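I've put the structures underneath this note.
After this come two complexes, each holding subunit A, first together with subunit B and then together with subunit C.
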Partner chain A sequence: MANAKGQSSDLAKQEQRLAYWLLAPTFIILLAIAIYPLISVFGYSFTNATFASNKPTEFVGLDNYRNLLSMTIVQVPPLIDEATGQIQVDAETGEVQYESSVRALPREPVRFRVVTDFSLFGNKYVLGATDPAFIRAVWDTIVFGVSTVFLELVLGMMVALIVNANFKGRGFMRALILVPWVIPTAVSSQIWEYMFQPNRTGFFNTVLWYLGMGSGEIPFLSDPTWQLPAMIVIDVWKTTPFMALLLLAGLQLIPADIYEAADVDGAGPVRSFFQLTLPLLKGTIAVALVFRTLDALRVFDLFQIVLGQARYSMASFTYYELIQNRAMGYSSASSIMIFLVLSIFAIGYMRSLGVKSDDH
Partner chain B sequence: MKRRYLAVMGLLVIMAMVLAACGGGAATEAPAAPAEPAAQEAAPTEAPAAEAAPTEAPAAEEAPAEAAAPSGDVVTLTWVGPGPGGEFEFRKQQAAEWNAANPDIQINLIEGPVSATDRIGLYLQAFQAQSTDIDIMQIDVIWPGDLADNLIDFNEYGGAEAVAGDFPAIVQNNTVDGRLVGLPWFTDGGLLYYRTDLLEKYGFAGPPATWTELEEMSQTIQDGERAEGNQDFWGYVWQGAPYEGLTCDALEWVYSSGGGTIVSPEKVITINNDAASAALDRAYSWIGKISPPGVTGFMEEDSRAVWHAGNAAFMRNWPYAYGLSQNDDSAVVGKFDATALPGAEAGQSAATLGGWQVGVSKYSKYPEAAAKVALWLASEEQQKAQALSPNSLIPTKMALYEDPDIAAQREFMPKLLPVFTSAVARPSTATAPQYNEVSNIFFSNVYDVLTGKQSGADAVANIEIDLEDLTGFEVGAP
Partner chain C sequence: MTTKTKHRINRILLWALIIVMAIWMLFPFYWALNSSFKTEGQLAMTPATFIPRAPVTGDISFTLKNYESVFSNQAFLRAIVNSTIVAVSVTVLALAVGAFAGFALGKLRYRGKNSTLYIILAMTMFPQIAVLSGLYTVITTLGIPAIPSLILTYLLFSLPFTAWVLTAFFRELPTEIFQSAQVDGASPFQTFYMIMLPLTAPALVTTGLLAFIGAWNEYLFALTFTSIQPDARTLPVIIANFPSQATRQIPFGEIMAAGIVSSIPLFLLVFIFQRRIVAGLTAGAVKG
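Here is the complex of A and B:
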């Protein structure tokens, strides 16, 4: 490559020009279906546009972003007993009693609502946000994205190594592991919803009940502590095959003689996995991680079908703001935020995994 | 370096596509709706000159609808009907009947989304694009205020006379700033279903009139049935998932305790009162005691599943469950009845008003013809037909409750007339176009009470503050 640099022949230039001509239609289409909506969403995010309404649209500057993102931490004052002037203490538990967190947060010029309470150095604080639903949606989506991608990578690697080995019925196994990935999310979400039923018509409650765990009435999908784990389980079940498929493709590119050489040199299977397979698979893993993380952070169907308005992902929050609240400006701003969060992850991956966009 | 530039561009483009998928609102394209040519194929042979030229549409508007000559142009209207299922089959018959009798106005009926949320999404996208693809549509009882901008005023097409015999509350609900934007079509109201066999078995004379009685009866029956070996039995099932249905259930608890209607029709925020907070705390106390812990994830069909299997003594649900509970696969056939929901005191009962209206899009090319079809669909004759169909849709025409056929074949309808006439409307018209947000604030806070995150008193205070910020209305007593 190096010797061709700077002195490309006429033929090469001609080829390059042809390449641009051939790419042009694609770019024009992308311009129309991707860049135009992007710019238009960006424009809407500075207005108070209402979806499908005659209400006049006004420019509101950064208000939408401020309402999405404003957060504050306030110390919650303890309750003072008016008679004694002392801090009130619960008679039974001996714990200090505090003012209501709702009251501690500012109301002007915009109202802050409670995200969560926490204690630090014996004081009680409250974390407030102007839109706790959005902050929670971002946090939940990131937790969901990171945990599903990590679990899918580990499980997918195991599956890929197994179906990469030589054994009878390998082709059949490779086809079989793809089944969860083939089922449309709308269908598999519904199936899992049935399995998570909060009584003994549900699979999990029945099994746990027979094993003597739980009351047979665990509300997996309506109890906040179980909601995210349930979502993660469904997504891991569904997407592990995809991850395995990507990794399997990478594994097949590694020549078998390297392993033979390692074997001769006396490296055990564990060592050859960590010193051969993993480094050689790095590129594949990077691509798989980028794909899956961006996909997981955009999750919509699963959350929308299984949890609805009980808990949002970033995308289902945006959908809800647009269609249900008809807040077109506000939902555009939240789309832009999704875009930024995805960009941060994508750039982070490219940096940390050393994915080079060219080979100089 | 060129390649790096290309890679970065590529990444940007991928993200832009992601964004385009998320921010669907920016797209100005109309949703894919059936094209007119398909309908033109169905044009009857009596009108060979039918070319349905859009320029001739005004002529159809000027002429009185009845006088439209059979040899004139054929107008084709698109009607977004119900989702696939029993009701759609009935609507198909209706459309065929109309098309046979009116060669000059043909209806093209298409299936709409089953979920009301998806349906309003479809309408809004069509309205945003000012699309002429939809002419006639069905409108939920909470939507007239929100959609009024985009719907025609039936008063210009003789709507006022047509709705004279309807329930006044529904007509008022459908009238926005003096414009009648929807014709009452069929109604709905929350009912208490109860097991007649179990009430008898445990020695109760009749269904509960107060919430306290309901709690006592539920506990007694639940304890008894569990002692006999049915571990899955519960006293009372209802809808506790955070969605519009919870707004309906909670409005019934609050209103039947004298706590008002969240926002009064006079645009006063009335939710912050002791009766309302006590009503919410009461509902919280049911969970895990007489109602399953999973009830906070229940929608209508989840509660009906428990009831259908014979595992509940009482259920709050809409009238549709009546017919379905009499199906052969039901465990409660012939063992149940429905009545008004209890109140804090006897006689304080409240049922949330539900039901659907017929509306015509303002962007329709043929509003006159569409209004004519809509008036026919909502007429007494058609309401009677749909009441007698397997879907047993509840009429909005008062005269039909004295109809001998309905009395004979749908005996529960006349019996429940008081429930439907006294049904309490959600504050959708007073808070339009922000009703969805109002409802969301209400049910999210109620949901936090049901899941033990806040007390009823905190919830009503929070709702009040949020509604003040959102609507700017005054605060007052119910």
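Here is the complex of A and C:
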């Protein structure tokens, strides 16, 4: 008895040792290419290191983070007419005239620059930041992420329902919807950039012009109002298939007899979608949403290729700070901010879904 | 309305949706194909034509000039070789190393399993931009050339994903096979090598395909690491920053041709292995 027990615990030990040996290569590689670089980036974020140079590096404490994140909101005072002491009003429109926003922002000890103006309760305010480009990049990335993920969910659901239906050539259609997903982002970005040309050599301007809308010279990629919508359109085209596949996998787990029962009860297709399919897909949708959100928030290729330095995502901002400005310390701090934002999402995701480890 | 006509209307609606969907998915690719057969003069025509047409007469007229110049472009040809080397090496390495880890995570009992699973899952969502400067410093300090550093770096996303998907596949294999092999006197490693690995061949194909596609398409690291070593550039870097001759504007015709050429291997994979790719994508994401 004791002998057998000893033998089985020997086996368990052998199994454990084997497990560690098998895991070792993976963890050594991940340590070298992820953990160590991440720790060093964390270290650089407290310095004024210069990229690819021998310049001496100094410890600057939290300066990089302060510079990235400092924001302030200041009320912009109206202009006072020196002669009358009254608030100046535009003679034609009757609108109150304001001091310039830039001058309302503090300059000492560090200079704040304008991110945006807004009005509230009849007063004019200005949002200033020490680095407006970063604040705008964060805001644009969030707007981009939320809009693309929402649109992809709606369109992806339609695509999933279509390729889940029974028809001849379904396998072929399932392969066909993989085309946008599999095209390298570098290629699809160039294709779309060409389709968005600011004259009638571009597809969109041509079509809008044929339809009698627009001048045929809409500068989709250089006009700030069109830049983000264009990015969202491109990403929705490229990533809807991925969303559709995740949802399709969820749809296939729903047993068919549930629908047969609903059919007998006389529920139409629309009602059975909202009352049966959607609730049963809740888990799949949650997973798909978080995966896509994390992916969308780290968008780089699309922004860098199509917009360059005209408008940043968080990742392309970090890239240009590093490569263009050689500000290694500063771009490291921005890397760490991205890492923190995404980690919060990822941890929340794993907490809410739970990781199964021993279900065999 | 009889059920039969109702059924017929449903069919027509479904096919209408299928056609709209197919056009939406394929149109940008069609536009690229259309543009790749146009000369520079045809590309400058306004309004743009939906098939290549001669500027004055309006007759249909294709040119292969863009493909000819792409295939005589040394930088592009070298990029095909570079991309192939990188993607194949990453696939082989990720599978070899990831299969070990997947087997341990899916089938073996050991202490600390939960935390290792968490780490692997967390790594599949790792933001690559966060380690860009750190990794670049490491490889320049060690003096590793661009291509080996790209291969090593791509394991950052392909290895955790491979390990994670293979864990799910290994877990689903019946434990009895493993136990009976042990009773017969096979060591755990023999069991892994001679019994488990052949059984997971389909999973290896799936994860291998996805690792290949990921490495073939990667842009951020390729762009950064090859900035001082242009002869190591991969296809996405060449296509995004197409080497244009100084006198011309952006050579969109050639870019479209190059983009189509570099997407064709992926289209072939997708149409041959559609089922396997879908299985891998969904296993990686849904089986959390």
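Points to keep in mind about this one:
Going forward, the second predicted complex is superposed on the first by the 319 of 360 C-alpha atoms of A that agree within 3 Å, B and C clash if a C-alpha of one lies under 4 Å from a C-alpha of the other, contacts with A are read in each partner's own complex, and residues count from 1 in each chain.
To be clear about the criterion, a contact is a pair of C-beta atoms (placed from the backbone, for glycine too) under 8 Å apart; a residue touches a chain by one contact, two chains touch by 3 or more.
What you see is a predicted model, and the numbers here were worked out from it, not measured in a lab.
In the superposition on chain A, A:I232 makes contact with neither subunit B nor subunit C. Residue contacts after overlaying the shared chain place A:A165 against subunit C, while subunit B stays out of touching range. With both structures placed on the common chain, the touch criterion links A:P180 to subunit C but leaves subunit B unconnected.
Once the two complexes are laid over each other on the shared chain, residue contacts for A:T318 go to subunit B and to subunit C alike. After overlaying the two complexes on the shared chain, residue contacts for A:R200 are found with subunit B and with subunit C alike.
When the shared chain is aligned, subunit B comes close enough to touch A:Q309, but subunit C does not. Of the two partners subunit B and subunit C, it is C that touches the larger number of subunit A residues.
Of the two partner chains, neither subunit B nor subunit C is touched by A:L105.
Look at A:W192: by the touch rule set out above, it reaches subunit C but stays clear of subunit B. By the touch criterion stated above, A:V287 is placed in contact with subunit C alone, subunit B being left untouched.
Put simply, subunit A uses residues 30, 33-34, 37-38, 40-41, 44, 51-52, 199-201, 216, 294, 298, 300, 315, 318-319, 322-323, 328, 331-332, 335-336, 338-339, 342, 346, 357-358 to touch subunit B in one complex and subunit C in the other. Those residues of subunit C that touch subunit A in the shared complex are 14-15, 17-18, 21-22, 24-26, 28-29, 31-32, 35, 43-48, 97-98, 100-101, 103-105, 107-111, 113-114, 116-123, 125-138, 140, 152-153, 155-156, 159-160, 163, 171, 175, 182, 187-189, 192, 213, 216-217, 219-220, 223-224, 227, 235-237, 239-240, 242, 252, 255-256, 259-260, 262-263, 266-267, 269-271, 274-275, 277-278, 281-282, 285-286, 288.
Only residues 30, 33-35, 37-38, 40-41, 44, 50-55, 100, 102, 107, 111, 197-201, 215-219, 221-224, 294, 298, 300, 308-310, 315, 318-319, 322-326, 328, 331-332, 335-336, 338-339, 342-343, 346, 357-358 of subunit A touch subunit B when the two sit together in their complex. Looking at the complex, you find that subunit B touches subunit A at residues 1, 3-4, 6-8, 11, 13-27, 117, 120-121, 123-125, 127-128, 146, 149-150, 231-232, 240-243, 292-294, 296-297, 305-306, 309, 433, 436-437, 440, 444, 447, 451, 458, 461-462, 465-466, 469. Considering their complex, residues 11-12, 14-16, 18-20, 22-23, 25-27, 29-30, 32-34, 36-41, 44, 51-52, 158-159, 162, 165, 167, 171, 173-180, 182-192, 194-195, 199-203, 206, 209-210, 216, 237, 241-242, 245-246, 248-250, 284, 287-288, 291, 294, 298, 300-301, 304-305, 314-315, 318-319, 322-323, 328, 331-332, 335-336, 338-339, 342, 346, 350, 353, 355-360 of subunit A touch subunit C.
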